[in-house]
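What follows is a pair of complexes built around chain A, which joins chain B in one and chain C in the other.
Presenting the complex of A and B:
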């Protein structure tokens, strides 16, 4: 039960490496924040700064409105779940879970009652006397969760807790984590590499890039209206297609020759983004893209077609219905709904339409080919 | 994989028995000699079977002052035990703390400390015996247990071993402990020590034997026989001076002096074999 406020947080490692550059974030009570970003962008560093395992170089961290920069991890009343679980190998499951309580001076009967209660919630009762090495990966993961939950901390911190599990277990644990976090109402920060985990777990999603926050918002906001080209490319799988735009006589030219009339946009567009799942086949003369299929990946429900714009080397990925029979080398005409197109300027910022009152969009494909 | 051939089995058993016989023969000789009277031992032929004294010689050396020494073997064994335990426990405690500091704390001159410790590997007590004697004598520690133990109590080897072990402990374990509210002492006692009990047991055996077998140092600083150790006194008993050497006494003492190290090895071996078999990490 706590709010978390990060104010211009900076982290510089002793070797001079600046890993965090002015992170601002305010987390509501009971909220689940998921942090994603490419490897090395500072996700773990941020989490470790929150936990107190790394010192904060500049800026302020508040838990429940109280500055905690200088507090030891234990005094911050947070619990952390590590990627490799970090269970104490010489202690039984019960002892692992009780250790934090013991250090706080909780008397033995109360401690045992709490451990038993938590074990019941997590289905660990039968394992309480085992050592960590006598457990499977999934069970260890559960114990690590139990160790965090049993203390009833103000904040949970998860650093890629599921990345060592197999796919099926990952789905199961993902649901379980969500269920538990909702039920306990504990504020949580969750770092992951996994798109699905990020989308499904997050109340709000934070996309980080090179030590900065690129965008914060609900998963759907980030998916539908990515604020930068980076976020657009990072959220969604397969990634969004980006096509360069060139100003021509008749409007904005795409590679392959199609022209777009772009009006009512702030700024000067330099690239067009469209998600593979938003492209669909079209017979219209005005279809946006003429493509040649190069490679097909049937996924069952869907089929991914890796294409190139006709006559150019520009790649385009399309997600089509699984029932559609495709051949390599086949030509397709593709189109996308106008509101499915994203425009970015040269700096990668999203360009918004100036006003939406004009009814149908001022964005019109002029001609499919020259 | 193992070879299974009857002929080979026979050969290996024969070899094993032969080596056992070779190792046990001196012990057997000592045991039988200790059960004879001195007169019997000076007839010229080494007796390879028990004599008529039974355990009388053992009881005598444990109870009464032995020869010129003026102290009983019980006292000698006690001295040896204090010294060996002092050295073993001291070395282990100091090594654990030193390695803990070097591995888990960031302080100025950390690596300097480590290398300084490492360099002392090259300075065993035999090399620095004169200055060490001077220091111990200036401190008034001649003829005392402290004087026997202190100069031998720091061990670079043990420090190094513990350092190597600590370096293999995953850093997340420390972080998990910090989050769980364990301070430096708690982390050491609750996490590191239980994890390193195998190392502690192995080192204890080695260091106990090292302490028990010390000869030169105790010989130098104990002029009062009340502080002499068993190993040192054996040598003195065996060089008889004017009299005939009382071999039955020497042998009884030697066997008694053998017992504590054997006991330590047998007890500790269980721990570290267990530790090696089901490794905790």
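Presenting the complex of A and C:
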């Protein structure tokens, strides 16, 4: 039960490499924050700074309003679940879970009661006397969770805890982690590179790129209104399509010749983004995209079609209903609702419509001249 | 299976060099020792008379032999414990060094390449009562160092010289063992509120136990057998037998006293002793080892 505040956190290594550049984040009590980003973006470094395993170069870290920059990991009252679980191989499951309590001077009867209770919650009762090597991957993961939970820390830190599990188990543990965290109401920071994990677990998502925070928000906010082209491309699977825009006489030209009249936007658009799942087949004369199907991936419920804009090399991915029979080489006409189009400027920043309270009036007059 | 049957002699051929080496340098001398321990030879080696177990009885009732056994126990225990603990300390320190780590490690390994006799002479000079640098320094501290007269000091000197030789060997293994411990385990322990001292004794040390056990066996064997050169060059077993270990007595009785029968009997006893000790180590200490 704690709040966590990061104020302009910086991390520089002695060799001059900067891993974190001015991270601001405020985590509320009981919130589950997922930090997501490509490898090398600094997300794990950030977590290690929170844990106290790395020093903070500049800025301030507060837990429950108290500055903890200089505190040892043990004094921060946090618990961490490591990617490789980091179970002590020479201790039984029970000893692994009791280790932190023992170090904190919890008397033996209380310690044993707590370990038993935690083991019951996680379904580990039958395994208490086993050594980590005698456990399966999923069981080890559970023990690592148990070791964190049994201490009742202020904050949980998760460092890609599911990445060593197979796909089915990962889905199951993901749900379990969420359920446990909600039930315990403990503030949690969860680092992952898997955007599905990120979307499903998070109260709020933090997308990081190259040591900076790109955007913080609820999963749906990030999906619907990504603040940057990077976030737009990172969140959602398959990734958003980006098409370059060129200013022409009749408006903004897309590759392939379609023209858009774009009004009501702040700034100068340079690319247009549209998600594969928001493209629909259309017979209308005004359809935005004429494409040729190159490759088909049937997923059952959906079919992914990898296309190119007619007459160009510009790729476009579209997600269609699984029932739709497609052939490679087939031509499709695709369209998307106006509010499904995202515009970004040359720096990759999202361009917002000037006024959002116009209701359903078409704010983005479209005309396709093909 | 068919492959093995067709090449029935190939495995033996491949094993042959190793088997020949063991037979020539271990089994043959060992059987010779066993054979000689049952005979009494005349001083010129011209004839030998069967003596049964007389050599063994003579050795075991000899107060000098029991004294050598006592010296060996003190010497071996000290060498093994000191060599292990000093090497572990150095390895833990070297493991923390980031800059120039390779340089330090190489320097720490060097003593292993020094021949035992050279190491013995080196320490003898350092502690020489009249010329030695270290004995002079001890003199200013009020310690009257003379290992040629003082048996206790002589024993200390051969222990120091033997430990110094063995530390490098242990160091290499401990360092490798330390580096094989995943960093995340120690980080997890740091988060679990274990201080550096506690972390070492509850995580690092138990995880090093296979290495420590292996080195304990190796060091005991080293102290029993391989320290002969160091002792011979440093004190020659003196003064008055204060540094005469079992292995040194084997040499003295056999090659100085020409009592080959007694010497062979001591060899056999020594072999049985170290065999038994190793067995005990495997039976009782290995249980506490976590692989």
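Miscellaneous remarks
Operating definition for what follows: the second predicted complex is superposed on the first by the 355 of 370 C-alpha atoms of A that agree within 3 Å, B and C clash if a C-alpha of one lies under 4 Å from a C-alpha of the other, contacts with A are read in each partner's own complex, and residues count from 1 in each chain.
Methods note: contacts are C-beta pairs under 8 Å (C-beta built on N, C-alpha and C of every residue); 3 or more make two chains touch, one makes a residue touch a chain.
Model, not experiment: these values are computed from the prediction.
Partners chain B and chain C, brought together by superposition on chain A, clash. Contact with both chain B and chain C is seen for A:82 once the two complexes are overlaid on the shared chain.
In the superposition on chain A, A:99 makes contact with both chain B and chain C. Once chain A of one complex is fitted onto chain A of the other, the partner contacts of A:13 are absent, as it touches neither chain B nor chain C.
Within chain A, the residues touched by chain B in the first complex and by chain C in the second are 51-53, 72-74, 78-80, 82, 84, 86, 88-90, 99-100, 103-104, 147.
The part of chain A that touches chain B in the complex is made up of residues 48, 51-53, 72-74, 78-80, 82, 84, 86-90, 99-100, 103-104, 131, 133, 147. By the touch criterion stated above, chain B contacts chain A in their complex at residues 170, 172-173, 175-182, 186, 190-191, 194-195, 280-281. Those residues of chain A whose C-beta lies close enough to touch chain C in the complex are 51-53, 72-74, 78-80, 82-84, 86, 88-90, 99-100, 103-104, 147, 151.
The touching residues of chain C, counted against chain A in their complex, run 182, 184-185, 187-195, 198, 202-203, 206-207, 209, 290.
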